């Protein structure tokens, strides 16, 4: 740990704690997931940076959307996202969640994921390599430092819009709204 | 002075426990051919948990954790740490045995509140596993207590220091071996990692904890690790005269646990119980009988 | 495999047993059988008894121009590498040893409106998910199928999505692209 | 499979003391493989904007966007691919289809951003984009993104031997040089059906050619029809823009092939030969095309010259319903095409075939009628509603060196050979000039020599001012001429025609050329006066260029006829000259001097004529 | 005991792929299991009908994340058969080497998934490390780590780069050198045997009746392998063995996976030795003009999990009229797994699933 980091720890310990213990919950929602095992295992060892897979969304603060999201998965993705404790960060993997990617004309995959849940960072690639995942993590660190990884705040703020979009695609959702009281002005 | 120790010893236990958690991740990583996280990683994580927003599932949810934490702290107070023992009452061993049951009970109470099927499966597994290792453990403790003719942990330690550690004395060596065999189960390590089993039941009892609750559970985990190892060192490896040697002994025990952890897959719960009730129980039982028949 | 005796014999046999089927051996030796909706199950079980006991695939093709839906059963037989019986003397499959697993295509055509055919589960257990899938994606009803519940899809579609007149691009435009982006300013 | 051991697995403990195998990224770097498929690079210099990458992209990730400040040459569009990395799957199909090979993939693959708009990107070349592409020492992986990339980091690149298109054209069967110089047999044999389909298959349908074609023919469509085995459909497509496919299929200057996107790393598509295939395959144009003249309008148009332009104007106007009369001094259609291209290149039958179809629509041809002598120009103006001048360049220029009057002129020579009897040549012929006509003359002279002196040693020499690289003739033509063993003397200028004692031509005195053009690019040859050479030759043919003959136009009108600075007749956007009612097109108007440009002019003019006539009613 | 509904997946550490199993459990026993796939359904075959023949190549491989290469292979085979395209001899060898490399990589991934499911991190991490070494070679050969898009109709997309053979051989040697470690820790481990023996038994009768293929079938003693009985690429050019086992349980399936992995490596060595020189690519028709004559075909090849089939129909157009993949996991996951899970312990759900080598994207397509 160099001095620079030490001062950061004193200045903003919360941010630092979030940065260096990113416990990832990930859906095997597609191709991107094939690069998660290498990333967290011996060749690349993401645990060096505190990135480990979390067993349940309740333990996690990083949500990796590892590829295209089918309608059926979207339901589970939203559920999982809402279960995660705040602050939480989301990263979209590869082309598909950005703009549909390979499956831009599929009837069962949604095209732009950020219409349904907030995304803090996107990684280019089909699918991103482990190195790209590392760079995305450092990118996320920067965003956390600058308070720009505020997806969960945006979700709270625009929840009515998100919920409306979710219901437009999924139909009636079987769980109650997460933030009942906060309505958009 | 005693009051100072009362405050300090749980803190020391926590520090050592967290260090062990960090170290075990490092060691496991090495066996996995990788570097692993920094040693202070568990600290960061606990800190992170406490700054997150947790969601509660009822009063018992929080209370249960506190209960189990309290149980663990009480146990720690009774455990000698290399000559330091804040509560060296004569009934030490019995209190420890009782209080050790509190920790899983608290978690069970709290986790049961969460209404997650994984959690309830985990809890039932935990109870079954406890059933599995408690029997040989009691036999071992019985043998040791009979052998040294005392129920005070401090006395047991000092008795071992006078002669030789339990491992090195003839009838008790069987109990020692039995203890070694159930140690991974008590520490919740593989092949007995059936309770949490992230790949099977998504961390089982702790599946529903988030934020500060998870932080408390992690602290509880660190304390449990400390208790499990220090109990072993105290009971069968003669404790130590000063904290440093004691710590070194604990390290060795941890390393043994980690090697086993790295070398085996997880067993099914009934396999685990069957295993625990077979060899360790048998050895512990024989040990007890020998101790009783041979006398002192 | 032009001279595959197996397929030739089978063709002869089928032709003699059934009146309402057409058989055809292609250049590469593949036997294609066109059966009617009524006879398809009988043919299927006969083929199974003849040794074609491996149902590889139940597929479905939407021939929109002919206004028909075609169910295709792809059959073959288990033959070990060592040809026929293994060391224990149990045969994997009845049939001549030289009958390599050249697949048989058994087809039947159904009308496009309300297509329905008997389920093949009782003959081949692994037809179950295939038929469920075809029910879902093509809207073909399988009589006697125990659970024709949705397999893959979460949403309801007016036209079964794998039919040729289902325009996915239009669907994507209508459903997914019409979702507004989140307005951060408000 | 033993029952297994409890202790053997404890051996893993030894790895605690071994060095881990982890690659400590980002402290230890790992270079991606040389072929890695990362983000795109595009060499804007070689990119033609053909859009094949956009067409082949399975995910519609590539969109061609217009780049307004881009200078484009022929065969290029000012469009460049824009990539959406929210769609791209890095398959590299675009790389394998890219005809110029300008699109490549680099080994960069890092881009992480919170804004999805940053994932849309117009790839640029490393050379031209200094901001994005940084040398290795300024590059940092932590900043890596689409706008912070490493220089010289080529990855998966295009390889011609694995390209998805076929770079080589189907070889055109030809009569070998030794054989073809012995007679006037047509040199190019023509594709058969299978070859034509195979060649048509190479077309990538990028339509660069259609922009380059002066007549904007629907090339992709008619080639697609050939591929589909429908030459009839193809002919119909051709006839929408070009009524002389048999001629154009042989002698077109093929601007389309110069624009073909396949040309850059392979041979361009043989568009001309495919057109020829269509025209030759179909015997009867009339029944295939089923064309009818349009509703009669009652308007009459005189067309002077039955060359490509004249034929086309007549055809287009006739389809619009006008009555058209074509005047030509020759005995058949074709104009300069009839006399210029030798028989081995363009047989008369092909010309007749096209002209006949135009005639079959009801166009009246008055051959052997020279305007000015047989018919007065004023009569035409009086009698007809409009006049179209498609007279072309019919007069050969002379070098005007000493004794140049003893030489023969190219067009006269060619005309005589083609339409009348063969002219007599001697064993040694000198042809002056380096253009296509000069090549035609030389090759024709060579054939005449072979026919007139069978078995004897004959030689045809060419002398041109221009050096090899400047020679105005097409490369193909030069190559064929060389194959036929014509002797070249480039960069020599004629100084004097040498005569023997009898006053017959005996040779040509030449000077070494210093330069042909001056600094401003104008034609102003300079010579090394001291370097001289004598070429032996008993016949000299001058083929240095042609001019046009406006002598049939009365003097007072001619003065009103406006010419532009290129000494061409200037016309407005409707093809009308400065004289109302008189339209012009073809070689006297444009600088391209080829049939297809004349057709393009004719199309413009015919619409202009029609508009003009109906407006003036 | 009370019956409990337990959702296994889709978000689950032990789940490879995005699949959900609805378990009805009684204590630690599974009473009923209902597969709930579709989380990865993209309507692949429908999308294929909308893309021209060549545009489907980057697409088909994405149908199966784990083993994309056999997907490429089978599509290339079907197209070659329908369009009558010949493949150069060297390309056959390269294809075989490539597919065997992919098989080894896929099996290592399978080993990761399986041992991870058992909580056996150590072996899981090693397997993943070794798979990554193989991916490095793939990257070198094809330019992509996971999706290679390498096998085209008419051959392969690029020839071997310079020095590739040597690096390939040394990579395989370094993996092969660790086989004793794997054996000692994993296959020879008593507790692993306890965990896997007699679990998820699929009898030969069941396997034959329910259309099992691949390891599931071979674990019941049927030496069935498409590479042997209907050879494609260069599999008939070199000698190699089909590995079988008699027990039909999880252990024997994983044991076969191990043996096949080693066999693959040996086969690559043999193929490298026998490989001829020459062209690797017969140019396919211009993609914009490519029409495939009307017809239908059913082709099959041996993917890492068993027989993979493709029913491809062309109506003479520039796009497939209908494509239907017969993926091994479909039957294994939806029919056999449901049956095998009944009566199993919850601890063994993942164990059985991964020993059947069920890959979710392959089911959903």
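Each chain carries a letter (A, B, C, D and E) given by its place in the written order, and its residues are counted from 1.
Note that in this section a residue touches a chain if its C-beta (ideal position, glycine included) is under 8 Å from a C-beta of that chain, and two chains touch if they have at least 3 such contacts.
Given the structure is predicted, the values throughout are model-derived calculations rather than measurements.
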Chain at the geometric heart of the assembly (C-alpha centres): E
Comparison of D-E and A-C (more C-beta pairs in contact): D-E
Farthest chain relative to chain A (centres taken as mean CA coordinates): D
Label of the chain whose CA centroid is most distant from the centroid of chain B: D
Geometric centre distance via CA averages, chain C-chain B, whole Å: 58
Centroid distance [mean C-alpha coordinates] between chain D and chain A, Å: 56
Centre-to-centre distance between chain D and chain B (centres being mean Cα positions), rounded to whole Å: 87
Chain centre separation in whole Å, for chain B relative to chain A (CA means): 36
Per-residue multi-chain contacts in chain D, two or more chains: 9, 11-12, 20-22, 24, 32, 58, 89-90
Where chain B touches two or more other chains, by residue: 29, 31-35, 118, 198, 202, 262-264
Overlap residues in chain A, where contacts from two or more other chains coincide: 41-45, 48, 55-56, 70, 72, 100, 102, 104-108, 112, 114, 126, 129
Touching pairs - complete list by chain label: A-B, A-C, A-D, A-E, B-D, B-E, C-E, D-E
Of chain E, residues touching chain A in the complex: 10-11, 13, 15-18, 38-43, 46-47, 50, 58-59, 62, 65-66, 109, 112, 124-126, 128-129, 131-133, 135, 145-147, 360-361, 364
Residues of chain C that touch chain A when the two form their complex: 152-155, 157, 161, 166, 168-169, 171-172, 175-184, 186
Chain D-facing residues of chain B, complex: 27, 29-35, 259-260, 262-264
Touching residues (chain side chain B, partner chain E) in the complex: 28, 31-34, 117-118, 120-121, 124-125, 190-191, 193-194, 197-202, 262-271
Parts of chain A lying in touch with chain B, wherever the complex brings them together: 1, 13-14, 16-18, 20-21, 23, 41-42, 45, 47-50, 52, 55-56, 58-59, 61, 84-87
